[in-house]
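Here come two complexes built around chain A, the first alongside chain B, the second alongside chain C.
== the complex of A and B ==
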């Protein structure tokens, strides 16, 4: 688990429930996307709800995997294994050059 | 109506979770299928949320079953406030850990979907909530919102199916609400997943009158009422009105109760009415109908029974004062608490609500005797046949509960027995008619018994004497025309 780093511009959380194939795909996909578009500007925290069920309430998680963009505001959620890179990039509102 | 008196399902095997909702346990023969999900569907504003919440509240209050309310729409605060105005103190139950409201806010943040997902987050939150209070009952309100939020319906359908299996495995009695679809029961076909029990609620406005209806579309393995039942959302929650009488096996009591007038008891084979029967007192204005009703009520109170008196045309004070002049002391019975007087004037527009309020009161007080004075409004609603049907079933309901009911009906001044009486006659066990006759320049009240089932009653016409000493009967001189 990577902790939140306050100096990063992008704070992301990936909620999973156990290491399922979809969870693994989601993690691989988001790491690839971040490495490509956000380089050192992000922090990614992975929360396994099987270990910390109480966390589901705060971010109103009902589906897994769910990627939550905590920062920049406003809060955004991407549900699913993040297999469609284009959708994730648009969903996170990552513009080239930022 | 009253779950304590629920009719046992003649087919054993299906365990029921009583809802505690007035009337619903009667038409379902004891409640919803225990340990299984029930689907409640209907259009917006049909009362799904109220019914679902009351199911949990009653479960927590009366049946020792804590409940988890999962709201996909409204916030817990909003729910608590809405239900407070409906007379439910959810905060107290939440404090006592008998109820928990979990808000799964699907509109939290902007949501995009890509690829497969599961609803494990929902399962985890449900499991968490269920464990926290030891919930035996769960409400999901409304599943529609889940479908409206997520586009991948294939993933979703598989997950919904898994959710219901999961709830069943845990032995949770669940109520799942869904929006009515065009031509289908629900917009997203939830009825495929929930085959045990399906209720449909409907709210329509007919001639500016709000009408709510409840229907049991299916109930696997159980008998259930098949009609479309009127129901109301009142001060004491949901009441499903009718008052079914699926079984016509009213107990027939041999016990007798006094009419409150010695001479009349004597005419009724010396002992008065049969307990648990329905009595009609009819007559023109001023013939002494209310006085006879009050004498009956006072006699019940004197036997230490509770009597509930519905006065539809007089105020309590007025009635008490009038009766005082006949030495019938209603005031002290009121003070003592054995008499409950409800004076309200039903309007034609609110008859359904009015009947519901009466039923709720009867259900709460559980009186031994009930007086309705007069019932003309309920039966005279010519363009509202449902009101008549409901009223008839109310009478039947009281009979099934062994409550002795005295009805007062006003007949027209033209003297001929009006259609009101004919309609009600078949339901009535004892029918006392009052009349007025001119004798010289004086008017004289007369009383006779039209019928009284199961007893050898007097066929005579007698004079009803009303004086400051009370009511009494006097034989008419022989040979005098009557």
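== the complex of A and C ==
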């Protein structure tokens, strides 16, 4: 995935726990949305809690898949497979950001 | 971002107590999430799902749901990861937009599905890669549902082309017609599983031997969902099993044959057992055994299996047929190699051609080798071409070793038996000889004593009858009776000795016409074999003579021969108390004419058992009880020995007896020697010296001789006799003859004779002996003795001796 580089305006993290169907859908969906709305302005990190369970603590993850908008502040969270694009766009406040 | 906890557990939107109760008790977790993603309300089920304290859930930043359809979420949780199905609905909550999220706990379902999936996956991985087994699953109707690599390799169908097809296509058409596949399915369905072995068909139509295990699979409710079918190709295993079975069978056969061989000792029956068993049990179409004949360097057919006699005849292979070794390329076999000819039709030697013409095409020749020598060949043949496996050949090779060993053993046994028989015969002959010798010695000893004792009786009787002219008629009659009695006793004693003594050299053997002799004896004994039996018991004995004409005359003593034949006739008559036929037969020894003349006395009487036959010639052995002396056959035996003849007895109890005498015929028939009887002139007035240790005998002798007016001086003992002879010689009154006893203490008759001859070589010495004429037979005539006279001496003999010697 794209590295966590400081020059990007958008830093997103997708928390998953194993490659479940929902996790796969979530990844596909966020990639499509980002590609459409954020182009090169974002970085997306996928964190598999099965591999790195400690990450759940830092971002206070209570369910997966959870997409976390780390930047721009404030921190926002979206849960589910992100199939409801509108809610994702609203939740990430992408429109306001552009 | 923290939201005041006071908002939590807000009263139900409608304030409706029933609704609140519903929410409180709902099985699904219900949370209200504000647009920032913060939980504003949670029911107890939700609290339980997140596993937090009741106050902590409200205000938690969970995130805004962004889903179209129910979506599976994972709630990482310290105790147990929860799987929930999330359904989100947009609502108004306390006057603003919010999300109502319903969380249904699907952890159990999920885990069960996972487990199932995992095990299915494991099963798939396990079975799909398996190549040695066809592992397939069938639906309840027997149609293929899954198909692994092993199934593809074993049955030849690709997965795509077989799925959905009935398993019937794996079975032979006749098995399908017989309903085998459906029967197996039924069996598996009812019993849980079933196993079957049999032929199965591949896609290309070839078949193989399969082991099939069919297991019914059922769901949790017990309904039949299908079958698992595992198929193995056991063609190879079957082949191995068959091979082991065959090997076992051959071992049993080998065992059976060697056991039977062990029960027989003669070669022919051993061979019969072997070829018979091979024919029956290997089996073969013909089996035979040939033995090597060293003289002709050929194989001789020695034994042909029983059932194949006819075939053997057709093949000119019957027993005793000679088979050339070199002419048939059998040299290799005779050097110990097993020969297998799979197709006799291709061979150009006469024997294979003959066998092939007779319908036999495969032949195995196994050499019978014992101790590095090939004794012969064990041969088996079958009609089919190439009909013997290497295991068959190996079996025959092993068997041939056993056969050779048995043959060798049997030969050794026969030799051993022969040696034993020879030894036994020799031993019997030696024992008989020894027994006869001992009995003979005893008889001679007794005869000696009796003769000594009889001497005075005989001499006085004879003397009195001659000299006492004034005897009363009665006294004369008594004396004559005594004389007869003494003669009888002497005669009996003589017979007792007969069987033992040899032939006196001075008795000349004369040519005897044996046929003539037989006829004479027949006449003489007629009363015994004709009149007596008829008179006493009304028994008839048929006398039959079978005399070969122109027989050469034999050398012998006619009187002895006559006595012997008489004895044999008496025995034959005694052996036929119920009557029968008595045959006297004379003939030449054998066709080749070895010069012997045979005289046979054949009766149809009671016969003899082995024991009797062995002992019959022994003196005093008799089967006639009180009536028999046991001397008859002993005397015959003595006669036979003195004539250098042979005697044989053929007899068995109840089957009569044949006594066969075989005489050597002279090379040329000798002219009859005629002997002129000498006129006896009674000498008288001789000066005679008597030497004896028995005064009674001496007096008797002296008195008897005194009647002839001899001057008689008697001395007791040898030494006294010699001294008297020397003294008389010195006085110029020499004795004209000396009569001395043989057996005397201190100095015997021999020494006396020697001393007399030393002093006066011309003086005749007459030796008297109780041993009779026996000592002459032993080559025992003392050197210096001119005449030996047996005791009791006869006056007549003494007179004759004196007349001839003086």
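As a convention for this text, the second predicted complex is superposed on the first by the 94 of 98 C-alpha atoms of A that agree within 3 Å, B and C clash if a C-alpha of one lies under 4 Å from a C-alpha of the other, contacts with A are read in each partner's own complex, and residues count from 1 in each chain.
The rule is short, and it goes like this: a residue touches a chain if its C-beta (ideal position, glycine included) is under 8 Å from a C-beta of that chain, and two chains touch if they have at least 3 such contacts.
All figures in this text were calculated on a predicted structure; none of them were measured in a lab.
Once the two complexes are overlaid on the shared chain, A:9 sits clear of chain B and of chain C alike.
In the superposition on chain A, no contact is made by A:31 with either chain B or chain C. Using the contact criterion defined above for the overlaid structures, shared-chain residue A:65 touches chain B and also reaches chain C.
By the touch criterion defined above, A:54 lies against chain B but remains apart from chain C after alignment on the C-alpha atoms of chain A. In the superposition on the C-alpha atoms of chain A, the part of chain A touched by chain B in one complex and by chain C in the other spans residues 17-18, 20, 22, 49, 53, 56, 60-66, 68, 74-84, 87-88, 91.
Considering their complex, residues 15, 17-18, 20, 22, 25-26, 49-50, 53-54, 56-57, 59-66, 68, 74-84, 87-88, 90-91 of chain A touch chain B.
Across the interface of their complex, chain A is touched by residues 1, 36-37, 50, 60-69, 71-76, 81, 84, 86, 88 of chain C. Across the complex, chain B meets chain A through its residues 102, 104-106, 108-125, 127-128, 146, 150, 152. For chain A in complex with chain C, the residues that touch the partner chain are 17-18, 20-22, 49, 53, 56, 60-68, 74-85, 87-88, 91.
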